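Some structures to go through are shown next.
Common to both upcoming complexes is chain A, partnered first by chain B, then by chain C.
Entry: the complex of A and B
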């Protein structure tokens, strides 16, 4: 087995194992910190897939931004609300959990189907573009191409996303404003 | 296999350097603070107190590692390690001289910026794990402050990147001296490609980059939780902030992380704005000072001198300015630094298009 394969299985094991701990853990805070390990494992997998930019972006946005925000929300919420969330009285296998089990089973069937039927190593469009020479060399210029494409071909989606974020920002500012302070 | 061995040696060397820097940093900080406040500082241990840091280290190594009964043990024990590793990983992509860089990543700057954010998580972990109200208040303040100041710091960095047109730290370093392959202009009008020295540093490439450097420096003070932005560990309000409960070696690790962070942000500042490992001496006619003083060995010397100079500035500021209040801190970040940094970014674009 080559070094890359060993690393892939290691990363995949870390990602899946920590994700399981996140889902099954009783302690909410520890789950959040375990999620950090999951995100890091995922970043490692991106690096192995030669997507270095995506890997670093993953760390910037999820670890530096979203995870810290989740922690903030957690630490700012009241103790009573948290206790209610943390206490799980129900047993894992019970009738009330049946719909969840049903849905999870269906998802598993769909995913397995996709994995076995897709033949990801011989997708027609991949083969075609390799034949036509329409591929990107791995020479460290990926980020330049991402930048140029974001500013030319994909400018409209890029701007639409920024408007969406702007709307969220304005909404947050409006919600957090003191009520009745400036009303006439 | 020797390929991998080199990596281990480089990593161990960097760790050794960081530890050594922390030892001297602590001693220097005490002496600088003493000088500024008209005291003597440590004098008893060794000549001029030179053995003080060794004595402190022995004291810390002897101390019992106490874990509070109500603390979350896993988070409490792992927090100092994560805080330190987050900073230590940042050193991977920093160049020390021409050809001397642990890992030449094409998105090095972005990587460093990303990996520093792990420290925030470690601090939150320490605050929550200690189960102490002072710790958690300190951790929340620290996270709020670091997140706010990442924005001006990020935009001042983008201002440089737009002028440099690359995220590779080694390339950015290369552009600021006589080894540059593209034309370097002093303030956009005087071609100094073959003169080099202090004239070709990024701060002197465009007037707005000077402003960007000041913004970056202020934000970097906040990111390393140094005074005047040390409200996370304000000793008159919060005992010691997020590291109140740590003792012995754990406390030593937190301290190591703080000093490494100081050096890391200074070194990034030097690489981006102050010419990285390039010499400050320009070529003057027949005296090719810049050509003579450029090289791997010289590079390490120059970058060390410049970074230590910035660290010295940080210490000087710490012992001169009083601590900012929380609202003043946020006002400074959001109402002054962020708009200014945006402006710098805008000017950078115009500068790159029409002047350079």
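Entry: the complex of A and C
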């Protein structure tokens, strides 16, 4: 078993294990911090898929931005609401969770079936790409290509997404403004 | 060597955990975390197949776009959650059952 395989299984275990803890936990703070671990595990998986730039972006945006926002909202939404959440019997296996289990299990069965039937490693374009040497280089030079492509081939989506981000942030700031404070 | 199938299986499991969290949790913030898990499962697929596209980097670039989109979604969703808490004094999605003031 090679080193990369061991690392892959380790990262997969960390990711899925912490995601399960998020699903099972009754404590909101604990589940938020386990989500943090899940995101780091996912960043490790991205590195193993030779996407180091995406991994760094994942850490910067998710851990630096989204997680801080979630913690912020959690602190602003009051203690008494959270106490009520903790009081409810939130056992992992209980009758009230049965529909959720059923739904998640069915989704898993369907999608695993699709993956195994599709033989993703033998798809024509995958084989062609491997044969043509079109896979990402391991020496870390792939990031140059990403920068060039982002500013040439994908310039339109890049600009559209920047406008969308600005609109969303202005909307969020407007929504979270306190009502009655000099409204028009 | 790690195959694409391994990545896809992990992605399926993450997606299903996300579905479970969304359906079973009684707290809007935890539901939001479930949505983020599902988004991350999709991004993992994009990245795993982006490995095979050196010329155009399609998968990785769109994974970056998806991460930015997730950030925008979260900002709006958290603003809505704060507003709902201010009005109803609870963030249990089951208890928020009227549209009027």
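Methods note: the second predicted complex is superposed on the first by the 152 of 184 C-alpha atoms of A that agree within 3 Å, B and C clash if a C-alpha of one lies under 4 Å from a C-alpha of the other, contacts with A are read in each partner's own complex, and residues count from 1 in each chain.
Convention: contacts are C-beta pairs under 8 Å (C-beta built on N, C-alpha and C of every residue); 3 or more make two chains touch, one makes a residue touch a chain.
A quick note: this is a predicted structure, and the numbers were derived from the prediction, not measured.
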{"item": "Fit-or-clash call for chain B and chain C when the two complexes are aligned on chain A", "value": "fit"}
{"item": "Which of chain B and chain C A:15 touches, first, second, both or neither", "value": "second"}
{"item": "Residue contacts on chain A - larger count, chain B or chain C", "value": "C"}
{"item": "Touched partner set for A:72, first chain B, second chain C, both or neither", "value": "both"}
{"item": "First (chain B), second (chain C), both or neither touched by A:53", "value": "both"}
{"item": "Which superposed partner A:124 touches (first chain B, second chain C, both, neither)", "value": "neither"}
{"item": "Overlay on shared chain A, then closest C-alpha pair between chain B and chain C (Å)", "value": "14"}
{"item": "Overlap of chain C and chain B interfaces on chain A (superposed complexes)", "value": "53, 57, 65, 72, 142"}
{"item": "Contact footprint of chain A on chain B as seen in their complex", "value": "72, 74-75, 105-107, 110-111, 113-115, 117-118, 120-121, 124-125, 128, 136, 140, 143, 147, 150, 167-168"}
{"item": "List of chain A residues in touch with chain C within their complex", "value": "4-5, 8, 12, 15-16, 19-20, 22-23, 28, 31-32, 35, 38-39, 42, 45-46, 48-51, 53-54, 57-58, 61-62, 65-66, 69-70, 72-74, 76-78, 80-82, 84-85, 88, 90, 96-97, 99-101, 103-105, 107-108, 111-112, 115-116, 120-121, 125-126, 129-130, 133-137, 142, 145-146, 149-150, 153-154, 157-158, 161, 164-165, 168-169, 171-173, 175-176, 179"}
{"item": "Interface residues, chain C side, partner chain A - complex", "value": "1-10, 12-21, 23-24, 26-27, 29-30, 32-33, 36-37, 40, 43-44, 47-48, 50-57, 59-65, 67-76, 78-83, 85-86, 89-92"}
{"item": "Chain B contact footprint on chain A (complex, rising order)", "value": "27, 29-30, 33, 36, 52-53, 56-57, 59-60, 63-65, 67-68, 71-72, 75, 140-143"}
